[in-house]
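Quick heads-up: structures coming right below.
In what comes next, chain A is part of two complexes: it sits with chain B in the first one and with chain C in the second one.
And then the complex of A and B:
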């Protein structure tokens, strides 16, 4: 399981630039699905199963894009100025390394701070790629990079860049491999551009027009840094009740809770006051889609070293396989 | 409905928070069933009631949206034997301390919102308005019993009961936007004895307070020729300027702005004048902040209109308005609908009014 997590997190795929990660995932799932296609925005959409009398048409989405940076201009001295793709948090920037899609690596530092107590805005940071002038700089405006941080196996827990949301991608890949029988027609979507307002899931949901939507994503946790929320690392996958942009369908929430109880795994109820997921746009697609979210608790979300607990991952996988293998009863 | 007051009371006594509208949806279904021809529900729970036109198909359709969801709280975490909460919709935490609330757990329990006393707060927070992190709910239950009855994500609604204040003035929670649901019901009553030229879809939408979620999906389903959102607006109250508010008890407001088709605005003004109804013009240069925002840009686009009912103390446990304005709004809508000819106002583009 960790090998797949390592492979998926270490493959680059900033929002709008998901080609490399898409090919890695395609290779993983191709032997196990009936049909696979890529839509106009770049969503990878796999189809499995035939809808039986007691089955549904279900869309499951895990976003394959990660946050990154894009070059805005290169200064005469070779310093590379950049903007963010997705919510990059400035306080994580100093000392970070990035890797461009063309392989160039660079380190990040900031202009001399006027006030050390304050975090500088994005436009006061630059990437040093080792160039001494604009002319010999190997990157130019429009080039894209992701954070460069290796996968760390900490035993029970793992840390890496892009666990948001490659951990869910890995979960979905493994579920695809494990599901043997399903009464449903499943549309398994590895969506693009979630970090820039869920643009991929918007069009995927519109194109598929299914009965039920499930998004897979990470959720921040409480406790460690004074965030007041109940979800913690290692206490099981989280079932989302709400976030800033989304209130889960109560029937879908109960379906997931009943599933967790049926297979006797621990689970946590999630009420989140920051951020949202693909389910936000899936819910309002066309005439409306009943939707929910299965979350993997994650520390340090949107930092170059995000952290999850393998217990949450393994139990989340069990729950996902169970939910997609059984008829859906929404009460 | 002669007893619009009793109907409004029952609406205001029902929780029906955004995403959890079922209790209020059931009350509205009962009221609208005898007044319409078909009732259906969207996958997200919006209530669609269709009053069919008498004319032959194809015929134009009018959608009137009044959101039925209300604001409230949700359990976010346990703090020993107390509950921490977050908001559903926008609630200024300054109105919360001391309020009685109902926690909808395995069973309904009553609680009271309390805050950390000022003298015990860190210096950075002392002397300032309360924030959610410094508020908690005390239900009187012990820690173990509380965890047995309540689950993270359970909703918490205002326990304030409707107050009759004389002369048709009424106060309580969720007048935003149950006042408009009541107005739409008055409208349906008025239309009982008329044959309509247009199909009329009355939509009690869900989750308006959460990014207009119900209005997007309902409009996509109905695909109306024209759309009207009925929602509450700010009435004059102490400390607010007259030019940003509207007099209470002096009639509905007729919206004007980018979210509104100018010809519909004009027709509503003419209609109000025709029946000698007082009204105010509410300019909405940018967003109307109503379901009409979603209606206007759904599918291939819908010409939209916004009608407002002035209320005081919006998004508090005791909002306040008058039954007079609710009845007037219903009558204005009914008059507009009965004046619709089969071929009038269809195929509107923005060209009609330069």
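And then the complex of A and C:
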């Protein structure tokens, strides 16, 4: 399981530039699904199962994209200025390394180190790719990079860049491989551009005709991060009740809780005061979609070293496989 | 898109319509009140298209059919509306409280002449004169709620709460330079009107002259839904902040784009990550035809593409802007050469766009 997590987190896929990760996931799931396509925005949409009398049409979405940076200007001295793709957190930037899609690597520092205690605008930072002039700089305006940080196996826990949301991608890939029988027609969406307000899920949801939506994402946790919330690492997958842009369908929440109880796994109820997920746009697509979110608790979200607990991951996988294999009862 | 095929010119390029731009710029069309601009657009575009309709929100939707059925549906959008003001409270004696419509910097408001209401009554935004202000007042932006539009007691009966107002600037040309209000985005509108006059005939060409862009891309959203295009190109105006910096040693790294450097192709803004296939297509078109171009610096801001690309099951989209100094102020400064190069690039799209562009992976 850690091998897949490592493979998916270490493949680059900044918002809008998901080609590489899309191909890796396509290769993983192709043998196990009935049909697979890429839509106009780049969402990878796989279909499996036939809807039986007691089955539903279900959209399951995990986003492939990760936060990244895009070059705005190369200075005469070779310093690379950039803007963010998704919510890059300035305080994590100094000392971070990035890797461009063309393989070039660089380190980030600030023009005004004395201001580091304050939140800085992105234009006070630059990437040093080792160039001494604009002419010998191997990147140009428009080039895209992701954070460069290796996968660290810490035993029960793992740390890496892009666990948001490749951990959910891995969960969905494993579920696709494990589901043997399902009464449902499943539309498994590896969505693009979630980090820039769920643009991929918006168009993917519109293109599908489904009864139920389930988004898979990470959720920040309450300890160590100054965030007041109940969810903690290692206490099981989280079932979202509400976030900034989304109130989970109570029937869907109950369905997930009932599932966790049926297979006797620990779970946590999530009420999140920062951020949202693909479910926000799925729920209000077309005439509406009853929706919920299965979250993997994650520390240091949007830093180059996000951290999850394998217990949460494994229990989350069990729950997902169970939910997608049994008839849906919304109470 | 195969990089092998040639994307060279095949037609004589038409000249940018400066006279028409002048007419469009001097017309008043604040977001939600685009009537006057819409009338000009319909009059100009109707003779050259197969269909011309006005939709429920007021967008002008003009279609040139392809010679064959099943052709690639290519949407071009430019917004008719401009930023301006709305009267919100009558304080008597010709004084009105107002609110900006669209993004306007309050520091640019004081002492600006306006045209108010249907009859274009002359007015001015009044502010406290320098005699009476303290230095710290002059350092801070004024509160819009503290300002008034003064149309005089004599004209008070000609305007009312709910009326729109716009900057009173008249269009003028000085050599290669164009000055006027509302060049954002009448430049785009005039470009599409010229583009509608030529048609190689291989594409289903869908022109959307949109409303309410400045207040949230509202027109483009429904226009794109109606058209259901295969790809979309949005033509807009983007700020050029290319003035010299006060400190000669520092490099301007946030100019957004530069006047005279050609059409500004969008990579990413606050609303859209441009489709990389369309970026590559535009860059190849420009390079092979020796049309200068620049990339608009990735960052904030947005265009109608932000709504269009999320319509339906998704529309590959990119924006191209004509650079303009002093955007969203009483006067914007653009260059004829940038505009001509933008029109040239768009005409080449009509000639060369085909399904092969989207047949490859997005990035």
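Simple rule for what comes next: the second predicted complex is superposed on the first by the 325 of 331 C-alpha atoms of A that agree within 3 Å, B and C clash if a C-alpha of one lies under 4 Å from a C-alpha of the other, contacts with A are read in each partner's own complex, and residues count from 1 in each chain.
The criterion applied here is as follows: a contact is a pair of C-beta atoms (placed from the backbone, for glycine too) under 8 Å apart; a residue touches a chain by one contact, two chains touch by 3 or more.
The model shown is predicted, which means the values in this text are computed figures rather than measured ones.
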Partner chain in contact with A:331 - chain B first, chain C second, else both or neither: neither
In the superposition, chain B vs chain C on chain A residues touched: C
First (chain B), second (chain C), both or neither touched by A:193: second
First, second, both or neither for A:85, with chain B first and chain C second: second
Contacts of A:206 with chain B and chain C, given as first, second, both or neither: second
Touching partner for A:287 - first (chain B), second (chain C), both, neither: first
Chain B versus chain C as contact partner of A:229, first or second or both or neither: first
Partner chain(s) touched by A:250 [first = chain B, second = chain C, both, neither]: first
Which superposed partner A:15 touches (first chain B, second chain C, both, neither): second
Overlap of the chain B and chain C footprints on chain A, listed as residue numbers: none
Chain B residues touching chain A - in the complex, by the definition given at the top: 18-20, 42-44, 46, 74-78, 84, 86, 88, 133, 151-153, 207, 210-211, 213-214, 216-218, 220-221
Footprint of chain A on chain C - complex, ascending: 251, 253-255, 267-268, 273-274, 276, 279, 295, 297-299, 309-310, 312-316, 358, 361-363
Chain B contact footprint on chain A (complex, rising order): 222, 228-230, 241-242, 245-250, 253, 268-271, 273, 283-290
Of chain A, residues touching chain C in the complex: 15-19, 22, 38-43, 70-73, 75-76, 81-83, 85, 101, 123, 141-142, 193, 196, 199, 202-204, 206-207
